[in-house]
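The two complexes that follow have subunit A in common; it is paired with subunit B in the first and with subunit C in the second.
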Partner chain A sequence: MAIWLDASCILIVFFSLAIISTYRTVGMIRVFALQSFVLSLTPLFMHADALSVRDATLFVGTLALKAVLVPYILTWAIRHVSMRAETKSIIGLGASIMGGTLLIAGAFWVASSLKLPGTQVSDLIIPCSLATVLMGFMIMVTRYRAVTQVLGYLVMENGIFLFALSLFDAMPLLIEMGILLDIFVAVFIMAIVINHINEEFESAPAASSYSKMGESP
Partner chain B sequence: MNGILPVFAHLAIVMALSPFFFGVTARVKAVFAGRVGPPLVQPYFDIVKLFRKKCVYSRTTTWVFRASPVVVLAAVMAFSLTVPFGEIRAPLGFPGDILLAAYLLALARFFMIAAAMDTGSSMEGLGASREAFFSCFSELALFMNFIALASCSGNISLSRMIGEEMPLSGGTLTPALILVVSSFFILLLAENCRIPVDDPDTHLELTMIHEVMVLDHSGIDLAYLLVAQTAKLFVFSAIVVQMIVPGAAGDRAVGIGIYLAGMMFVSILIGVVESCMARLRLDRVKYLLLISFGLAFFGFIVSLWRK
Partner chain C sequence: MLIFLILMPFLCAFLVFLPIGKKSRLWLLFGVSSIHAVIAGSFWRELPPPEFSAYLTLDPIGLIFLSVISFLFLSVSAYMIGYFDNEKRDGRTLVACLLFLLSTMTLVSVSYHMGLMWVAIETTTLFSAPLISFHRNKQSLEATWKYLLVCSVGIALALLGTFFLAIAAHDSHTLLLPELLAGQGSMTINWLKLSVIFLVVGYGCKMGLAPTHSWKPEAYGQATGMVVVIMAGALTQCAFLALVRVSQICFKTGLYEFYSSILVVTAVLSLIVPAVFMLGERNVKRLFAYSSVEHMGILVLGLSLGSAGIFGSLFHMINNALSKVVMFLTAGSIAQKYGSSRVGDVRGVIRAYPVTGIFLLFALFGGTGMFPFATFHSELMILNSAIMSGRYILFVIAIICLALIFTGLGKVVLEMVYGEPTEPILARKENFMMNAAIAVSACIMIVLGLWMPEPLKKMLQDAVSMIGA
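So, the complex of A and B:
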């Protein structure tokens, strides 16, 4: 199963890159759901020879929360405020993609000098989780809209989750569930925050933004 | 004599098989659209029909316009000599021939663009400028792919990078291979003017890149360009198949069977992608090619990491 684990690590990083290069909010949420789905499969691949209840619980919990509930809430939030426009990036998509690839290189470089206790199932987990965290950071700082910043935060959380998985055997389940709950609460609060922000935007005079309608970012 | 024969055999394979796989892609697209579609051998008919026709030249054109179909076909055919086809080894191979391959493609593209500019038509100029712009990005991605493959295999000869000596499938470098294959597939779609980048079926000047550049070619010249186009698609698909199944199945017949099945699969996959995707807006194409570059770069890093 090592190959499957490698493939899912790579897919997770690829989906982060795909989120960076997506310009539609709904598309970003869909890619995020895919990333979370792949992430939920990783505990199964990790202990494929001896699956425990713990793995199954983690799989079901991650799948339900990250791949279904969170994307659903986010989609609901943007539908609720009827905002489906293209998202803007501060540095442009091309520079974002190049920055993302540089972050991947940086993550591998950092990971090469990172010594962690315990044996790893796959040596790709640590660098891939670092790359995902870094790209999540990048989404957070380069996007204007609140929804996309939440998405960046969630991508970062996915990276942290993958990192935690590599220390799976040394850590109690409590911490992982704590991370899941953390995200759940964060999204819930953020959704409310987004609603407020957008309601305030709606009441504000939007003449300056109307003049730019139809232009490509 | 011994050196010349494989070259002709190789060229004959490309000429004979490439229109068929072109037809397979067209058929898949037709089936997806709910039509019966043209027969699988339709591209052969097209080529034969064009070969029987005379060329018409505009008075504004010069020798560049007349030379370009010949140069394009010659460059693509020479490029095909560096690529092995399954059990059949590449007749042309030396350390560093990846540069030759890349620049043969660039030569073909340059003459294509020059001929389009030579007609003096503003529409063809539009296509030429788009082609030049996108090729900047696709060449970047192509070289990154070659670098990643070279790093995986420890060779800088195209036929060895993707040939039998390549111990990729099943080894520790498989993650890198997955990335390079997906990157190269995007590149295949872009280089051969397939749908996310260019639509081979439309003749609407706003959307097309390759088709607009061949508008003024006619008769045998157009036949040359069509052969070159099918051959280029064939060779790119061959590289993808070769990366996934590096040959060495033992039995020769089994090897050829696996290879043809792989080519069939890639052709069908191209058709499916074309049917399921919309064309990208022109200013988004560069992001797709940058993603292709990013994937190849990631593959390169993983290959370094795993070594």
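So, the complex of A and C:
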């Protein structure tokens, strides 16, 4: 099953690159859902010869929270907003893809000097998760919109999770589910804040939005 | 007992959503905080046994922290009873979120597994975010957004750091603290170093250490006084507790030199940044927020200076919380009375509200570490340990920054207290509960500044020897 694991690692990096090079917010959310789906499969590929309850729970948990609920909530958050169509990137499409490619190269270069102790299932896990984390950062930095920033954060989390799902027994299942749930609630609260922000900003002229930052009664 | 302490506030938080009156909601919060405080106080007599196969363990370090948050919630809940006398809103979300926060912070102080600790700290972030936009307007939403995003990303990096730690401790197969410390010999140093860097950056974000402090002035400027006390006194110190745990690991693995060099850099930055930014600031809440960045810098500085510094640092953790009560609850009273916290709108407080005026002076002197307040005592310990370890340049930088911060804060606060009142104010009565809550903290701060009780001293020494210095 190692070949499947390698394939899903590469797919996850490709999807990150695809998110970077997508303009439409809805499109970005869909690609993210696909990425999370592939991510949720990795624990199954990881221990294909001896599947445990733990792998199955992680698969179901990741699939339900990250691949279904989170994209759904994000779509809900942008439904009422007129800006649905596209989000500008600060540095433009070509430069974004170039940047993403450089980040992948950098991640592989760094990972070449980081060796995992103990037995290793796939060489690709560390470089791919690093690359995904870095690209998540890049999405957060190069996009203006609140929703795309959340997406950047989520891509980053997926990168971190690629690490977690594949590597250890140090985390008991309960804590790993706690981590998943925390991320889900974070996105939920962010979506609510986005909704409130939209309401506030549509009812008042935008020019004064930064004028009295830090004031409160 | 520990699990009861965690679950009780959590379950009571759901009671808040029942159709009960505003008053009973506030008394519920006060009751829960009191029970919490009584139980936490009883632990000083004897530490409770570990629970859930040692995932929940209360040790001296955790106990000091637990007592601090328990006291903070008690003060805030007493203050809120007075505050909501003059407030139209029903504060349902506020009370519920505070109870959830009490529960999760208790979990932080007793969690003995680095993963569980991460989960608990992330949960505190989530429950505190709705509190910032208590005054629902554009600026407070922006502040909430900034806080959520910066802290979530920071905490995500800490998660990565936690996973790196798990790789480093590959042979122990667990992140339980005692087993990590026992298996120090087999740790992979390179991965451990990487993990330490990520943990410092991640939890540093949450603590509001410079250069990732940017959410602090916005969030503290927008949130109401009671909330900021919890954020500045307890929430940020949750992350500090995590850094203390990391230092425990670093001491055992001989990585303390490396760890302390990272901490010194962030500490110095966190002293310089507020010193520079405070000089032009006119809003007292934002000023206090920068002062909070400075205090976090001092805490981290103490942590990097060996055993004497760590002793001072743990003591400063208590004093910082007390000073935050005085500072932000007073700022909250002023904001409620004047409808603003800018120095142009608020002047001559001492004539209109003598008691609040005196508290504002206490906030200035306590917050900047003047004699006889306890902050003076602990800052002196930390600076002293800098000199004893021969770091004279560090000492000079710290002194200059502290002096600048005093100037920046003093200029605004003194103008607020003694300045010519801009317009005649409708003198509302001072509220007894509000003032009592502030007065208790101010008194404890003065007492601790003059005399350290023997049990506290022993507990601090136990904590320092646990860290391994």
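As a convention for this text, the second predicted complex is superposed on the first by the 195 of 217 C-alpha atoms of A that agree within 3 Å, B and C clash if a C-alpha of one lies under 4 Å from a C-alpha of the other, contacts with A are read in each partner's own complex, and residues count from 1 in each chain.
To be clear about the criterion, contacts are C-beta pairs under 8 Å (C-beta built on N, C-alpha and C of every residue); 3 or more make two chains touch, one makes a residue touch a chain.
Computed from a predicted structure; not experimentally measured.
Which partner does A:43 contact after superposing on A: first (subunit B), second (subunit C), both, neither?
neither
Return first, second, both or neither, reflecting whether A:3 touches subunit B, subunit C, both chains, or no partner chain.
first
Is A:97 touching anything from subunit B or subunit C once the two structures are fitted on A? First, second, both or neither.
So A:97 only meets subunit B here.
Could you figure out whether subunit B or subunit C reaches more residues of subunit A?
C
Go through the superposed model and pick first if A:157 touches only subunit B, second if only subunit C, both, or neither.
Only subunit C is touched by A:157; subunit B is not.
I'd like to know which partner A:105 touches here: subunit B for first, subunit C for second, both or neither.
So A:105 only meets subunit B here.
May I ask you to decide whether A:123 touches subunit B, subunit C, both, or neither, giving the answer as first, second, both or neither?
Touch status of A:123: first partner only.
For A:71, using the defined touch cut-off, is the partner it touches subunit B, subunit C, both, or neither? Pick first, second, both or neither.
In the superposition, A:71 touches no partner, neither subunit B nor subunit C.
Would you please give the residues of subunit A that touch subunit B in one complex and also touch subunit C in the other complex?
Common interface on subunit A, subunit B vs subunit C: 216.
So in the complex, the part of subunit C that touches subunit A is made up of which residues?
Those residues of subunit C that touch subunit A are 113, 115-116, 118-119, 122-123, 125-126, 129-130, 133, 135-145, 148-149, 152-153, 156, 159-160, 163, 166-167, 169-175, 188, 190-191, 194, 217-218, 221-224, 283, 285-286, 335, 339-342.
Which residues of subunit A touch subunit B in the complex?
Within the complex, subunit A touches subunit B at residues 3, 6-7, 9-10, 13-14, 17-18, 21, 23, 93-94, 97-98, 100-101, 104-105, 108, 112, 123-124, 127, 216.
Under the definition above, what is the set of subunit A residues touching subunit C in their complex?
Within the complex, subunit A contacts subunit C at residues 114, 116-118, 133, 140, 146, 149, 153, 156-157, 160, 163-164, 167-172, 175-176, 178-179, 182, 185-186, 189-190, 193, 196-197, 200-201, 204, 209, 212-217.
Under the definition above, what is the set of subunit B residues touching subunit A in their complex?
Within the complex, subunit B contacts subunit A at residues 174-175, 178-179, 281, 283-284, 286-287, 290-291, 293-295, 297-298, 301-302, 304-306.
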